[in-house]
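My structure is below; once you've seen it, I'll send some questions.
Every chain is named by a letter (A, B, C, D and E) in the order it is written, and numbering of its residues begins at 1.
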Amino acid sequence: MEALSLLQWLIDGLIGIGLLWLAWRALFCPELFKAIVLFIAFGLLMTLAWVRLKAPDVALAEVAIGAGLTGALLLSSWAKLRDFDANKGMGVREKNRVQSEQKTKRPFFHWLSATPVLLMAVGLGYGVLQLSPYATGLSTAVAENLDASGVSNPVTAVLLNFRAYDTLLEIAVLLLALIGIWSLEIRPSVREATLDPVLDLLARLLTPLLLLVSAYLLWVGAHASGGAFQAGSVLGAAGVLLILAGWRLPLSLAGLPLRITLVVGLSTFIAVAVLMMLDRGQLLAFPPSQASLIIFVLETTATLSIAAILAALFLGSRPDHSEKI
Amino acid sequence: MTLSDYLSVLFLLAGAVFFLAGTVGLLRFPDVYTRLHALTKADNVGLGLIVIGLAMQAESYASVGKLLLIWLLVLLAGSSISHLIAKKALQKGVRMWRR
Amino acid sequence: MSIAVLYALVGIGLFCLGVYALMIHAHLLRKILALNIMGSGVFMVLLALAGRTEIMPDPVPAAMVITGIVVAVSATAFALALMLKISAVTGRAELNDEEEK
Amino acid sequence: MNWNDWLPLLLIACSLVPGLIIFGLAEQRVRLRTTLNLSGSVINLLLVAWMLWGVYHGQHFETRLPLLPGLDLVLRAGPLSLLFVTLSAVLWLLTTIYAIGYLEGSPHRSRFFGFFSLCVSATIGVAMSGNLITFLLFYELLTLATYPLIVHRGTEVARHAGKIYLRYTLIGGGLLMFATVWLYTLTGSLEFTPQGFLHALGDEHRPALVMIFILFIAGFGVKAALIPLHGWLPLAMIAPAPVSALLHAVAVVKAGAFGIVRVVYDVFGINFATDLGVTAPLAWLAAFTILYASMRALYQDDLKRRLAFSTISQVSYITLGIAIAGPIAAIGGVVHLVHQGLMKITLFFCAGNLAETLGIHKISEMDGVGQRMPWTMAAFTIGVFGMIGAPPTAGFITKWYLGMGALEAGQSWVIWVLAGSSLLNAAYFLPILHRVWFRKPPKHWPEEHDFGRQETSWMLLLPPIITAFLALGAGLVAAAAFSPLAWAKLIAEREFY
Amino acid sequence: MGDFLLTMPWAVVLILLPLVGAIVCFLWPKNVNQLGLVTLAGVFLSVVGLGAWLLENGVYHHAVGGWNAPLGIHLYADGLSLVMLGITALVGLFVSVYATAYFDRVQSEQFWPLWLFLLTALNALFLSADMFNLYVTLELLGLSAVALVALAGGKAALNGAMRYLLASLLGSLLFLFGVALLYHTYGSLDLAILSEQIEASPTVWMALGLISAGLLLKTALFPLHFWLPPAHASAFSPISALLSALVVKASFYLLLRLWLELFWPISGSVAGLLGILGVMAILWGSLQALRQTRVKMLVAYSTVAQIGYLFLAFPLAMGAGVTAWNAVMYLAISHALAKAAMFMAAGNLLRFGGHDRIADLDQLAQRLPLTVAAFALAGVSLIGLPPSGGFIGKWLLLEAALMQGRWDLAVVIVLGGVLAAMYLFKVLGYAFTEASTPSKVTAVPVRMEWAALLLASGAILLGFLAPLILPLLAIGTPFDAFSSAQEVMS
């Protein structure tokens, strides 16, 4: 690998410094709101970095999930926190709030924490510099087996065939997070009732488009960047938009039908795993001839579930319990 | 470099100038409404110019279409969101700047 | 120095910043932000070092990072919900140190 | 499968199983509980008799179950084991009868009898252990099972006594475990062997072995109440009388003393221990305990506390007998295991009778009690003479052999200790007898219960009379074939020749 | 039947069955209790099946997806995994029975899916041989555990849950960083491949540091234990039981596995450090437990102390290899049984009297004899008194310590037992005192009392089962690589 050219130096150096600066600001600027906005900006810059690192799949995931959905979650949480504060209704609340937002532990503790962290940074840096400058990792192994995987995008091949077991557990994590949140029994926020015509219009325009994009990402994932997670998060974003615009799932669908949608991805995964186990004696072993079809089925159901879970994560409260509380 | 390349550079540079102006406006203008104004106007035009500059380099019409789509989407999102921000600011009673 | 090492070092920087912020901040939202930035740092190291090759970059780290991002968003969503619940019950989005005693 | 392989385990089971069942019984199932208790102890006695006969005729009874790689749970019936087992079995039966009478109508009896049976199982286990790890196992079980009996009354004082008891015994247990494992790492064996299994070890291990010996003595010394490890015993007298009687006259303190016997004889071997130079300090410590505890006993007004200090003093006779390291003294020490048990349990039964019948707890309240309760006090008197060592009681036999043994081993200073101890015993016991028989009874006893024609309930009266009789008999027929003395001689022979 | 036992892919069932159970419980919450118990019974049987398989065939390998390492993920089971799986299933079964009586309708609908997710994570963790896959299972484990803590809903529980969540996420990220370094050094995530190639280098040292730090944080070894007492003490009692008995053990297991099999060329030289932390954990945890005024907090600090014991084996493993590891595994499983029983007993007291203040226990304890018996039996094992699993564990550990002349550790082992006795009898002393005034009480379901008692009896029974369990543990000789490596070096 040749040394970096000056332009590359400039771009990558700027991205690197920008990332560090944004992270620093996001973590230490006094106002929480600014911090969140800076964090979203950080996520976008990360996306750029992923592109520079020739990982467009990750860039897509980052922009949709890392910056987009996480950002939306952070902002909505921030707004709810502020509502709590407002409900407490104290005259000096603004000052209090700002103080609590930047409250840290005692200065002595700062040094106590900074020293080992710095040591760790130095150690890690040294460790990384000691690594061999050339390494192919598993890329050759992936390339050799790509034909048998049923897809031509190596990242998708890894995610849904070579290491499909990880992905199965990962969808389980996603579902688990939602079940965990639901068991917290958070009250639905009341203030979202006001409808905004512009937002409504935006939602109406964008939702079909997002659906389309999602379908495209799902389909294209087999041979180019994209795949279930990216598609699912775009679809989930449509859900978030609808939620923001005040749209709610009808109660008749919020019970079992919703739950089935939430688990269909994971269930299909398990069902396929078991079928393959029965058929070929090995968990998640797809016959190469049918691999692409199986992966497509897996991805489609996963997209559906991921989208539903992400939107539900954003909503926070359990839709079928809302009237009980 | 061909003529289209030169034109591309020109459009891209012009776009960058607009972006710069928008950013300066965002930082320097006195209140939220004027800042929104500066940002959206300059960015929409700036993005448009950059899209044109890139479209000249595109390999297929599909790519041109995608670029245009990006521009339209940003227009849509930008205008709706600045509308929402301005509305919220009005609701909260943020005063407009007067000289 | 290659681009891989450059980004890996940036990743280490992000990770360490995150650890530091996690330790010293009291507000839970900040702690959650710090964890996310730490996570980004790890992902960056993981992915940056995959580029130490002239052929196609190693796809396995990319897959790992995508998995990691999804896990991170799950954890973040749960953490935020928990924070809101704490704030609703205690009135503060901080950990109550006094309660231990 | 050989029947003899399971007999030792069965022996433990026949007190353990009734105990576990009793835990589950409702408080008012008195009849069932009594039946279980008594049948358990009777079966126990029969089994012991069977095994005594068997061992006398050279049969082997050994249960061996794997516990750890290279270490088994071993229960073996040898002469020394059976001496202790017999004592426990006989006294268990008597104490059970006594306890049923004593606790009539008081709360938590299921709990009491459950733990009581557990204690007996543990004691029998201690007696039959064939190696150190088994010994340790039952020894700790004994600690645990006695704790609920000490705190049985549920008062704050009882809880405090229990806490102190645990503090002493668990630390002692920790030291024992330490010593045992250390020994194991040195030798790779823990099997009790006549004349010990350590003499084959090289000279370089001697300092370690001395340390191990000290640890063992410190560990067992807690239960054997060697000064200065005796602090828990007087406090533990808060427990109900049957507990004090069986456990603090027999089970717990004897387990400690028995442990010392085992370690000196079957782990180190008496010759090797003498060679190491550890027996002489042990003898001094025992002698000091005998004298010091007697001195303390002089100043106690509480009857049970005086008996407790007397126990501390008397148990050390056993240690002394072992530590003198001569065959005749060994006979004295080993036989005292039985003799002291019989005599001391008599005294505790009597003290319990006084408390239960007349509400007397203090010696100063005992004026003329011999007229009110002649049978009880007669038993008491026999016990007292035994303690002093007057012929023809069992205590005399002990002191005779100890004295002869000391002379034989060339340690004539022991004679002075024995004489001094007898004198002190007389000094703290005879005034009681004087009060009991020659002073005028007061008009009212502190808290009198009426038992009709008898002086007290027959269940309370019978056990002390029997034990007093046994104590007397052990002295009178000491030359008979199955007397404790005969067994002690058998044991000493095995160790010394 | 025998054939069936040997042909079923039990390891796969162990992972998928609880996962399916969780989904079904989530979809149709009507009969969660029955569904959950059936799942647990199935898991238990599967462990038995896996055990039979392992006894017959030695270690178990399964290349998921038919892709061999380094491309694919391997499932792997040897004696060490089997024992962990077994104890998980056993404790899980009893806690589940307990939970059916403990929770009300709404609570059990929330409890079961989360608990089955937790079980999935535990089983998957014990069976995985892939570093990144282990990371995912760790996250699954951490999230489900935190969600379970938060179920209690009160101030203390939520705070405890948050602290736990932050610690757990930090731990996972440290772990992941270590995995990243390892992957980029050796180009593989498979444990077996990595362990063949690994050698000392700055990068590997950093990976060891990061992974160990992350796992120690999750295992709550002193001084990283700060999150454990509030989380374990404030959760619902059956959940405290699961956390203390199993979840903490999972990260410990992983640490053990990685130090033994992965980092063997270098981990020996820093094992002393873990030993020192273990000693401090024993002392600090015990002293803190002595200071507590509430039963559950006391039991939670006792966990901090008992975790310390597990780490004493690391410095001892060099000379007395297998003995030390056997000791530590025995301690781990007896602690799992005893601590679960103890938390369940504490839960009974709490349910009965509405509080767990130690000083006021006299009004409660003696009216719940079964519960007190459970507490006492569990205590016997924790103190290490014979006959109990804890005794066997401590015996082996002491043996290992004395064999190498580590007097300091030997003294701490014994001292820790005495301290444990002191704090546990602080509670038990009240079991026999007379109640001053009768307080208002709520009946405790029989199931809850018996579940605790049986589990505690299990801890005692373990004292006699060593000849059965130690050979199981030796399947696949999980401890050999490390020990022989240490011998070669010294």
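What we mean here is this: a residue touches a chain if its C-beta (ideal position, glycine included) is under 8 Å from a C-beta of that chain, and two chains touch if they have at least 3 such contacts.
All values derive from a computational prediction rather than experimental measurement.
Leaving out chain E, the touch network of the other chains consists of the groups A, B, C | D. Counting hops only between chains that touch, chain D reaches chain E in a minimum of 1. When chain centres are defined as mean Cα coordinates, D lies farthest from chain C. Between the interfaces C-E and A-C, more contacting C-beta pairs are found at A-C.
Chain centres here are means of the Cα atoms, and by that rule the chain farthest away from chain B is D. Put simply, the chain nearest the middle, going by average C-alpha positions, is E. Computed centre separation for the pair chain C/chain D is 67 angstrom, with centres defined by C-alpha atoms.
Chain A and chain E, compared by their mean Cα positions, are separated by 31 Å.
Centre-to-centre, using mean CA coordinates, chain B is 98 Å away from chain D. Multi-chain contact residues of chain C, defined as those touching 2 or more other chains: 15, 19, 45, 49-50, 52, 60-61, 64, 67, 71, 74-75, 78, 82-83, 85.
Of all residues in chain E, those that touch two or more other chains are 132, 136, 139, 143, 146-147, 150, 153, 177, 181, 183-184.
Shared contact sites, meaning residues of chain B that touch two or more other chains, are absent.
By the definition given earlier, chain contacts exist for A-B, A-C, A-E, C-E, D-E. By the touch criterion stated above, chain D contacts chain E in their complex at residues 23, 65-69, 73, 108, 111, 133, 136-137, 140-141, 143-144, 148, 151-152, 154-156, 158-159, 162-163, 166-167, 170-171, 173-175, 177-178, 181-182, 184-185.
Taken in their complex, chain A has these residues touching chain C: 1, 3-4, 8, 12-13, 15-16, 19-20, 23-24, 26-28, 32, 35-36, 39, 42-43, 46, 49-50, 52-55, 57-58, 61-62, 65-66, 69-70, 73-74, 77-78, 80-81, 84, 88, 100-105, 109-110, 113-114, 117-118, 120-121, 124-125, 128-129, 131-139, 142-143, 154-155, 157-159, 162-163, 166-167, 170, 173-174, 176-178, 180-181, 184, 186-187, 227, 229, 306, 310, 313-314, 316. Interface residues of chain E facing chain A in the complex, by the touch rule stated above, are 9, 12, 16, 19-20, 23, 26-28, 62-67, 70-73, 75, 110, 113-114, 117, 120, 124, 132-133, 136-137, 139-140, 143-144, 146-147, 150-151, 153, 177, 181, 183-185, 187-188, 201-203, 205-207, 209.
Contacts from chain B toward chain A in the complex involve residues 73, 76-77, 80, 83-84, 87.
Those residues of chain E that touch chain C in the shared complex are 132, 136, 139, 143, 146-147, 150, 153-156, 158-159, 161-163, 165-166, 169-170, 173, 176-177, 180-181, 183-184, 189, 229-230.
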